[in-house]
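Two complexes, one shared chain (subunit A), two partners (subunit B, subunit C).
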Partner chain A sequence: MTWCEAPGYWLGHEVLQNYGCRIASGLLVTIELVALSTTLGCAIALCIALIRLKGPAWARGAMAAYTTFFRGTPLLCQLFLIYYGLGSFRPFWQSVDLWWFFREPFYCALLAFTINTAAYQAEIFRGAIASLPRGQIEAAKALGLSRFQLLRLVVMPQALIVALRPLGNELITTIKVSAIASLVTLFDLMGATKLAFARSFDLSIYLYAAAIYLALVEIIRRVLALIEAHLTRHSATDNPHARAL
Partner chain B sequence: MDYYLSLISFGPHGWGRPFLEGAFVTLSLAVATLPFGLTLGLAIALMQRSHRRFARGFATVYTTVFRGAPELLTLYIIYFGLSLGVQSALKSLGFSTQFDMPPFLAGMIALGLVLAAFSSEVWVGALNAIPRGQREAAAALGLHRAQAFRLIVFPQIMRIALPGLGNNWMVLLKETSLVSVITLPDIMFYAMRANVVTKEPFLMFGVASLIYLAFSIISAVGFGVLEARSNRGHAMHGAAR
Partner chain C sequence: MRTFFRLAVIATGVAVGAIGAHAQQKEWKEIRIGTEGAYPPFNNLNARKELEGFEIDYMNALCDKMKVKCTWVVQDWDGIIPALLAGKYDVIVAGMNATDERKKRVDFTTVYTRTPIAVIAAKSVASADFSPAALKGKAIGTQGSTIHANYLEKYYKDSTIRLYPTQEEANLDLENGRLDYVVADKMSLDDFLNNKGKDCCKEVGLIERDPAIHGPGTAMAVRKEDTALRDMISKAIEESLKDGSFEKVRVKWFKFAIM
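Showing the complex of A and B:
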């Protein structure tokens, strides 16, 4: 018996034991998808937020359209638009040597989740950066800081504290919505569970999957609370609302 | 170009009419779920602030579970769980008829339970914003608790909760697309079917996303108007933003 069959064995749950290894590897796919898309999305989101705050008018408009579109349509629709829609232009992708990317459901899901979470994260960063008092930026400029220094030393350290909680919520949302990757034939945690249910018709397997998702979300929530407490230790006051500023 | 336009037209081979029907089903599901989810959410919020430990514990467990589990998983559990449950209940009563859970009802229950969990947070925030003194004043005037809630607290929390509930509505509108996977004939369902028939996935899912986008933009504008209306006479700082 391998380690991934153990939980099912201990619980005396035959289906969980038989599909334990598939569910474990599905969990790994879910974690990979979420970790990669959140990280890539974060980098893209920062660029979008900066363009929306400081860029030329046409770029600001384009970025506003991007965030409106990807926040205003269901992720399921975006995933299908990429996996089936872009995937249908096979001759084109083959001619530019990108077919290997659009052929794989994993890459399509990764792309869909990345551009979707980037749109949401961009709005979070934009709000956080805009919440800083104007005087600080003027003061930094008066001190002769370059634009990059201003960003690195003054804006980002404060904006990240404001953004941390909503970014954490966005990470949790991404974990939850990643379940729809199972609808493009990907065996993530949800996909593996669906397979186990389809073959056994044992509904309790879904409850175990829900418990795994809940555990994942709860662990992240706790870790984020610790990080937030660490980052805001300098401004510890009795008034919880004072921390936001 | 004419070919593509004919595909999404209202003509005999166009998918315009199915998309319109799908849009109606999507809206119906969202509108039907809203009162159920918001009422349950308010009840959970009142439990969260209750003096009874059991009620508070239940509210915490409820929100943790339904905010943490993927909506798709919740939908499957409700759909298959109720199907199998009713089936075995019928069997034990001696009926041998096949029972199929209506996808609309399953979607309404699943999305309503999730909406309740998320909206309860909004309700709690709004309830916390009502000063304690108002309740004491209401009690001093001889109103009993239900009257105080209906006449004094509720009209005020509606105004405070409106932006948060607007967000809940937008999320709900997009989440209804999940119910297409248990064969509810909504926008997504017809887009998938049109893709199978016409082999034009980019066009069909593009049209579907534009319909959702239109709904989202209309909702955003609508909530903007509602918020402006409900903030009449409160134009201190909030409204200026």
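Showing the complex of A and C:
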């Protein structure tokens, strides 16, 4: 018996034991997908947020259109448009040497989740940065800080405190909606669970999948609490928002 | 509050009583039929959102024969057995093979079709060899929760198996070039090869039925307790095979025998 069959064995649950390894590898796919898409999405979101606040008018408009589109349409629709829509232009992708990317369901799902979460995260960053009082930025400029220093030393440390909770919510949402990856043949946690159910017709397998998602979300909640404590370590009050402003 | 509680108890009692009475009812005057509506030419929702296909016509003919009123319910394949067990409809008519695995949960009527299983690929594929060794490392697609998925998982361990919610999506991915091969019922794949897949794809060969996985053929599924319904439909199927009413529907949809 391998380690991934152990939980089912201990619980005396035959289906969970038989499909334990598939569910474990599904969990790994889910974690990879979510970790990569939220990290990449975060980097893109920061750029979008800064452009929306400081960029030229045309770029601001373009970024606003981007966030409006990707926040306003269902992720499933975006995923299908990328997977089946863009996937149907094989000769073109082959000519630009990108077919290896669009051929793989994992990359398609990663792309869909990244651009979607980037739109949400951009709005969070924009709101957090905009919430800083103008005086702070003026004072920093008066001190002769460069634009980069202003961002690194004044804006981001305070904006992150405001943004942390909504970013955590976005991460949690991404974990849960990542289940739709199973619709484009990816055996993520949900895909592996569906397979186990289809073979065994045992509904309780969904309950175990729910428990795994719940555990994942709970771990993230606790890690976020630790990060928040770190970011507000200089603060005497226990209300980080009041301190930041 | 107390009145409300009493009302709730009475309502529950009535509901349970009604269900109990329903379970005992032996006479079937109305049957609700569950189908997938995404498996042409057996059952398919056309552009006008109407069900059409061999199974739709055949079951409607059986309903006339049994003198019962039939209503159709469309249900995604993945949930088609759970929805039967939950009472959303009374019988599944959706090209379902009567496998031992499914017999653990539902009862099957007499078999009414026995279809060959085909392998299709892009036209550029020259080799007719689709043995597990030849397809090592290739991407093979089929619909999830089907006998074909079970078959591929068992014999094609060294290939990448991709499972789709519907057969149409698997066909689409073969057309897009994401898949190297697709496996499914020959009739269903012929429908694709004669229409959308005319330019892209061709049949490579037929898979021999493995009784342990594929079962004896396609049958209708009912809940285990509905033995009267099962026997009534089985009788109608047997009659239809003898009196030519099966053939009458068959020639409308297929050029060759499917039983």
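What we mean here is this: the second predicted complex is superposed on the first by the 239 of 245 C-alpha atoms of A that agree within 3 Å, B and C clash if a C-alpha of one lies under 4 Å from a C-alpha of the other, contacts with A are read in each partner's own complex, and residues count from 1 in each chain.
Note that in this section a contact is a pair of C-beta atoms (placed from the backbone, for glycine too) under 8 Å apart; a residue touches a chain by one contact, two chains touch by 3 or more.
Keep in mind that this is a model prediction, so the values were computed, not measured.
In the superposition on chain A, contact of A:203 is made with both subunit B and subunit C. In the superposed model, A:59 lies in contact with neither subunit B nor subunit C.
When the shared chain is aligned, subunit B and subunit C each come close enough to touch A:183.
Once chain A of one complex is fitted onto chain A of the other, the partner contacts of A:77 are limited to subunit B, with no touch recorded for subunit C. When the two complexes are overlaid on their common chain A, residue A:87 makes contact with subunit B and with subunit C alike. With both structures placed on the common chain, the touch criterion links A:68 to subunit B but leaves subunit C unconnected. Applying the stated contact rule after C-alpha superposition, one finds that A:223 touches neither subunit B nor subunit C.
In the superposition on chain A, A:213 makes contact with subunit B only, while subunit C stays out of contact range. In the superposed pair of complexes, A:153 makes contact with neither subunit B nor subunit C. Greater residue coverage of subunit A by touch, when subunit B is weighed against subunit C, goes to B. Under the contact criterion defined above, the residues of subunit A that touch both subunit B in one complex and subunit C in the other are 84, 87-88, 183, 194, 203.
Contact residues on subunit A toward subunit C in their complex (touch as defined above): 84, 87-88, 90, 99, 103, 105, 183, 185, 191, 194-195, 198-199, 201, 203.
Remark: subunit A residues 68-69, 71-78, 80-81, 84-89, 172, 175-180, 182-183, 190, 193-194, 197, 203, 206-207, 209-210, 213-214, 217-218 touch subunit B in the complex.
Touching subunit A in their complex are the following residues of subunit B: 64-65, 67-74, 76-77, 80-81, 84, 170, 174-175, 177-178, 180-181, 188, 191-192, 195, 199-202, 205-206, 208-209, 212-213, 216-217. By the touch criterion stated above, subunit C contacts subunit A in their complex at residues 78, 81-82, 101, 104-105, 141, 144-145, 149-150, 162-165, 169, 172-173, 175-178.
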